[in-house]
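Worksheet for the structure shown next.
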């Protein structure tokens, strides 16, 4: 197999990679928003619980979670498909990171914004929805792009739970073709091709956020 | 194949034997990543051409999975005559991978420093090197303690990947037990809990450091 | 409904493989291939089970995957060992294989046994994590400092071709398949090669079999009945031949229980 | 919650009595009493940290006092609650403008009208345009805050507050973040509001403005109201030594 | 690189000729000429955006001009280079102080002495203590900038610049970020520096200060030097309409 053939072969796994990313985002985005906001607003024991959930998903190695969810949970009667397990574990892991971006963005907002809203007689929930979130989301878009890339790269682990993603394809080709130079270079290139555009978009957003705010906010 | 608590406790000492490798790799890689990342970012700022080149290097590193990078370093480089021991490849691989992220963290940290600090240093006749070492870096450290700590946790969590290049770290020793005894749930859960414990300890340390830094120079 | 009833009524059996020729893998057209998948097909087809589905997992994930009901049987060259017997229900053995070592072409380090490697601390040895060869090598005295364990067969081979290790060990079947692969240059089978010598002075050999879940013994018994028929009518020999095994490697007619108890 | 206050007086816009406020252990307000008649214009001044901002932030409930009562248009402020009604009847202009950066100037002015006062979109736009014209930045209505100069931003913030048609306006050093030339733009708008009879409570060090429009000047120090007098008297013969010192310092740096 | 400039004159501290400076397409300086004698005290004023900061930042090379030459103490400034020597001979004080927040006041004053001028640690500390005493904050030497008031911070920044023993001091609106009460502290220090005969170029709107110490007032508008006169003449009879207008606005907001 020539190098381009290897690359095409690896890209046969793209559909699975893309599906895991897509379903993963369905878990990640709501989790990040809900838990980021909860962590920002709660105090005391409630905040501790919220933080514990976030830390669990953020701090456990994904590779172990995948294994446990796929191979160990069925013993306790919880059976999920490989795709569900992958999307859930990768999605919530990234969502855990995302929640921190949401919280940081909310905290970084000038408190004067909330005060101005209060002084205008807006309800707290309205202020969150109309004033804080729009600004926070604009501010954290670059971070979110990074998380999307993390998610794409995280899918390299799903071959562990039998899904035929790009890394899996690379291993499969390695099975037919003992050509480590071609295959591992191809693997590197394949992910670069998928992720680099997202990186570029992220950079662009970063610059735009910087300009729109008149100054750079360090998250 | 129920979860056997007695067995889980019995294997803890064996797994802890691999702890020192895991910690050694994590610490060395964190230091390496910070050093390479800082160099990348400072070089990026040093000129227009260097800027574009470093930007691309950083984006390339960030756009490919750590697994693919490790495979590449471990299996491909020897074909070009570079055969490094597994442990060195592991530390180098994680250092390079996370340097791409830390470079971004340093960028944000440096950008957040008021432009006047550069001006003041220049106006006092400090050289570029002195400015970075004595004026910018110490302030940057304070800005980035939190995100940098998060990446150190990530480095720790990434050490299980080194199993693929035969570094005897904790997850690998967990799998060894699993393949000896054919009990998977216990070693993986034990390894997972140790990781969770380590990750949370590091996060807590970082938080402590952060509050100390903030208390020292509260503006 | 037991697994046996389900397999027969749905006419489908799901097998787990670790994607390794000649044991169990997916061929270039995406169909199940390899010695054990062929055997499973030959055994179940006359019973009306027309469909053999493949799930590919890492070797180390095969047993957990079976226990977690991710598939109905492991058909991927698993050896019968007493410890594994505690977790899964093996069929009667089908093949009997010794360990084989692969080395760089010309065997520059002159490796002829596990003990040769153990005796020279400059030599590095590689095996697949969880494989019997890795354990045999350790039992034969190769210390941890000389042993590298890799995630899968390809990595292990890549470690040899890239010069990271001086020798690797597989079952004889895998080794001959690897050596005959036109894509791999520069390595050869160390010959002769002595594996782990047991207390009784004999070389340790492995017996491969198909594995079922422990409470699926009815399915296993059905399989064993059919296996005996195939051994008798010559179909078994054809499947061996098709997958590149020699007659020497046919297991003697013994029962799984003898191997599980460690008698042999 | 209204013990300490006399019965509600229709002529009073804002009443405060016995306000005490602590931040942790630090006491920022000490027993402050204040009565502001409808249409009255009050200027509050005093050294940095004397509690001026804290006082006016308490008046519309942005800070809660641990002791004392506040009544706005006869309604008592409930501590810790979301006093929406009262907040809507008091406009506030901040030192740092606090415009919403993701909304255009017009949207800044209509947001609370539509979402808090349930006006129709059309009505809100009409009112917003009216007040933007009033502060002379109607031509900037479509721009985003970041595209405006400081003076224009502050005028937009004033228009935004006016759109709620508040009975009373609070200003917290509205010109101190501005360049010298822009200060005048904003002061002009404030003078014209004062001339229209708006109730105003204004923290400022612009003594020219104070002299021109204030009915009463309140001088604070260390959380207390130390002196309270009409401007003629305050500037010419401050009663306390602290106010005297303050005036000396604030006026000495400029020479005319 | 010195075409356009007359031969070096030992009596001139700073000479600039034909300076033009663009930010992208926007021209911030238009053909600016300036000669400052040793010991002369210059005040630069003018409306916001007129290029005052840009001009003085050019003088010590913080900005590079696309056209024109600058000579400091007879040495030409090389554009784009790190003119360390020249920078060390000019002290600069910024509007926002720009003290290094992670260093104590004393460390702020010694860092550049040790690293840039290679003085010994002991000598640097001695010099630093001398100048800190000079600006009357020797008792704050061990504190961090965040623990000081604005006026103290600015005085520390002045001491830091003085420690380099510069021939010339540049000030960019040194008091405009300060509270009214603190302005005086800083102006007092500057007046005493002026009395000692230090060459000073100062952007400021403190007209009292200008009147008191300036030998010459330079009025800028739209990147040009529009008017240049001794203070008596500038304040009583500005020659251009633009300067007249500016003076009106800047003086009208305060009343005495």
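In this document, chain identifiers A, B, C, D and E correspond to the written order of the chains, with residue numbering beginning at 1 in each.
As a working rule, contacts are C-beta pairs under 8 Å (C-beta built on N, C-alpha and C of every residue); 3 or more make two chains touch, one makes a residue touch a chain.
The shown structure was predicted, so the numbers you read here are calculated from the model rather than taken from an experiment.
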Any chain in contact with chain C as well as chain D: A
Starting at chain A, fewest touch steps before arriving at chain E: 2
More contacts between chains, A-C or A-B: A-B
Chain whose average C-alpha position is farthest from chain E's own: C
Furthest chain, CA centroid comparison against chain B: D
Chain centre separation (chain B, chain C; CA means) in Å: 38
Inter-centroid spacing, chain D versus chain A (mean Cα positions, whole Å): 45
For chain D, residues contacting two or more additional chains: none
Multi-chain contact residues (two or more partners), chain B: 1, 75-76, 79, 184-185
Chain A, residues touching no fewer than two other chains: 67, 71-72, 75, 180
All touching chain pairs, where touch follows the definition stated at the start: A-B, A-C, A-D, B-C, B-E, D-E
Residue ranges of chain B touching chain A (in the complex, touch as defined): 1-3, 59-60, 62-69, 71-72, 75-76, 79, 104, 108-109, 111-112, 143, 147, 150, 153, 157, 160-161, 171, 184-185, 188-189, 191-192, 195-196, 199-200, 203
Residue numbers on chain C that touch chain B, as the complex places them: 60, 63-64, 67, 83-84, 86-87, 126, 129-130, 135, 144, 148-151, 155, 158-159, 162-164
Contact footprint of chain D on chain A as seen in their complex: 110, 112-113, 115-124, 126, 130-131, 134-135, 138, 212-214
Parts of chain D lying in touch with chain E, wherever the complex brings them together: 47-48, 179-184, 187, 205-209, 211-212, 246, 249-256
Residue ranges of chain D in contact with chain A within the complex: 60-62, 82, 84-85, 87-88, 90-92, 94, 96, 98-102, 111-112, 115-117, 144, 146, 157, 160-161, 164
